[in-house]
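There are two complexes below, and they share chain A, which is joined by chain B in the first and by chain C in the second.
Presenting the complex of A and B:
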């Protein structure tokens, strides 16, 4: 084996190690954070009005919050448009990428490929808008930290390298899928020797490691928000203090 | 701890089961159910050389209109040398 092949094998091993490390950090971190959210006591009803009166109402409210961001729409129309497009593009891009994780690939995913391609082209626009907004407004800039910019830049870099791999410096999809399926089935094979794909892959690994420890966790945290997931039935049941002393009432008096 | 170990064992079992269902990647004249085969009577056209470049860039060439999709079918049989790869990576199948 010559030196170049040896260095490549070593690099491929490091890349595979990084992939498993990032998968572990993502799954373990996400599980731990969501478990902590789940175990956090919520002793009081703090439903945001108008609150839903039953469980289906809560489901509808949460679905609305997660899919169309009605509160943001009322607060800031331009930000709503940017944020909604950003999230919709992310969803479509995720659907498009699911073909690398699934075998056989569902027909629905294949049918959505054409729409998802446009989401890839569109994605940088809302991402750059959100980045610009953080810098253009003094008030927003004041409350923005390095992680706020870092995440947007990381996502934009992932999108940029993804578009390069897909359109300008194409990678051989069969090798890409064999690499991903190899990782998923614990039978790893060497990644494609394609610098832009490797850059794309490393950036995604960094995102996975960072995800559970960042503001990106709002993706899961939104469902644990007590102002949004509680039923507004505070006046319906009778609450009895569990440590009250029992009072004997003489019925004959 | 016991629950965690059971969960881990369950996950590994599921991964092993899934791994058993995933076929070998499609390779020209390779092995496995997705192997790409082309009848010996056809000689490889100059456009297909080098093969690695062609495998990666043939969608671009077809989308540019230089070669039509139907032209491929003079030599390629859809099931044995088109849709096994297309199905594997989840792109539109050739009809």
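Presenting the complex of A and C:
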């Protein structure tokens, strides 16, 4: 074995390690966080009025929040369009990627193939708009911190390297699939030897690690937002706060 | 008149378009409202409401412990602190930002004042990634004390947030943390202490309350020629009415309207000198005091053996009332449904034809309606007051659609801000409401909230809007044929 091959093997090992680490951080971090939300009590029923009066209504409200962002639409039309395109592209790109880790590839993914590819082209536009908006609006700039820019840049970089893989590393796609399936089946094989793919992969790993510790938690957290996921029936039936009894008050008479 | 030195809105143009009110957003003016803070609490009031009478030792650590406790108790707080995308959609939705231009009055920036402390102690990874994080210290405490008392906890921002993030709940948490280390405002603590001492926010003693009621009986006799009663502490009455104490004292037209209403129905009712206040300033301070103030109402109801409790025309009274069942329930010793707001009660009776009404009695005014943030957005009463106005007035006009119902602007003095030292903030925060009202040309602004009734006349005068402010029941009172 020559030096180059040894270094490559070492690197492949590190990359595989990183893949498992990031998958673990993502799954464990997200699960723990969402479980924390789940088990934290909601002492008072505070619902955004006018709210749904029954469970199907709540489901519709939550589905609406996740899919079409109605509150944002009321707040700011341009931002709504930008944010919606941004998330729609992400969703399509994600669906498209499932063909790398699902076998056999589901019908749906194949059907969406054509649109999904455009999503990749389109994605930089809303992403750059959001980035531009963060800097162009004094108010948004005021509340923006480093990670707010960082995440946008990271996602844009992932998308850009992804598109490059599509063009310059197409021939390696069989290897890509083998690599990913290897990881999933816990029988890892060496990654495809293409720098653009490797860059793409590392960036995704970083995103996964950062995800559960960041504002990206809104992806799961939105379903735990008490103003949006409860039935608007505070008056009846009686709503019980699990820790109400612990709060002592003297009678003061 | 109060001078508002650096606040911007005077030069900005507000106009009505067919899509609603055009709301001009001021340029950012950092620290514009930083000097405006409430007077600090007094030891005797803090003692009366079971809070530390002075800054506790090791207050920094204590505050962080309290934050941790609240994070474990309130899912909303935990989720909202985590998931805000810092998108800024809420930034121009707060009347206090629109009025002052101070960036810390943007809901997201206000919440960030707490969020940066949260990150410092509980979000190491975000800190590592370069997000703003700061330990709890004197400087941060000063920011908190300033800006969490320039928020009226009106929840307008939550309506525009893609995740429904309720900055009011973040403000409440920050105030609860400050209260725990002995930091609170004079106004709020004094009011709660008065409730424990005298039964109401204004500190009206029992005998004076009875006097006022007798006086109002005489007024009603002179006006209608009938013996309309204003009963106090009557055991066995059907209804205990808990109104804002200001109705007994300042908004007497509203109080007399209650009298006429029950007279017309032939329902026996009473007020209580133990709990002659619907308003609950505990809501603006901490859970314990909110529960305790609320508890007094149920104690009075038990003692007077009434069948129902009805809350009068008050905003935060209703916001706390809807939690009565949770805080001090079950309320099953009362007849259902409960709790009940007087607007629900009256609107229902009007619909069933319980009153003889002559709408032309209100033809001298063009009426518009201000949704108090606590009645509408926090208390879900959007239709009832409107139904009452439509049934009692011929001339009713709504304010522009983006300023009413769940999108209503706060009057500018809710959440414990109705205090003189905050006058510039109050006038600045009241500006959007004043402009929306101006756009209608109305001459009577009806609103079922005592805070709004105290604040809005000053706001309207300040911004030169010629409108009289009064209750919703006042209109019924004028139109009712006895």
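Side notes on the structure shown:
One rule holds in what follows: the second predicted complex is superposed on the first by the 233 of 253 C-alpha atoms of A that agree within 3 Å, B and C clash if a C-alpha of one lies under 4 Å from a C-alpha of the other, contacts with A are read in each partner's own complex, and residues count from 1 in each chain.
Keep in mind that, in the parts below, a contact is a pair of C-beta atoms (placed from the backbone, for glycine too) under 8 Å apart; a residue touches a chain by one contact, two chains touch by 3 or more.
Computed from a predicted structure; not experimentally measured.
Model built by superposing both complexes on chain A: chain B and chain C fit together without a clash. Shared-chain residue A:227: touches chain C; no touch with chain B. Of the two partner chains placed by the overlay, only chain B lies in contact with A:99; chain C stays clear of it. Contacts of A:79 after superposition on the shared chain: chain C is touched, whereas chain B is not.
Once the two complexes are overlaid on the shared chain, A:46 sits against chain C while remaining clear of chain B. Taking chain B and chain C in turn and counting the residues of chain A each one touches, the greater count comes from C. In the superposition on chain A, A:69 makes contact with chain C only, not with chain B. In the superposition on chain A, no contact is made by A:23 with either chain B or chain C. By the touch criterion stated above, A:150 is placed in contact with chain C alone, chain B being left untouched. In the superposed model, A:164 lies in contact with neither chain B nor chain C. When the two structures are aligned on the shared chain, A:206 is found in touch with neither chain B nor chain C. Once both structures are overlaid on their shared chain A, chain B and chain C have a minimum Cα-Cα separation of 22 Å. For chain C in complex with chain A, the touching residues are 27-28, 50, 71-76, 78-80, 82-93, 103, 106, 108-109, 112, 123, 125-126, 129-132, 155, 158-166, 169, 196, 287-288, 291-292, 295, 299, 322-323, 325-327, 329-331, 336-339, 376-380, 382, 406-407.
Chain A meets chain C in the complex at residues 33, 36-37, 40-46, 48-51, 65, 69, 71-72, 74-76, 79, 83, 137-140, 142-148, 150, 210, 213-215, 217-218, 221-222, 224-228, 232, 234-236, 238-241, 243-244, 247-253. The residues of chain A lying in touch with chain B in their complex are 99-100, 102-105, 109-110, 113, 170-178, 181, 184-187.
By the touch criterion stated above, chain B contacts chain A in their complex at residues 12, 15-16, 18-19, 21-23, 25-26, 52, 55-57, 60, 85, 87-93.
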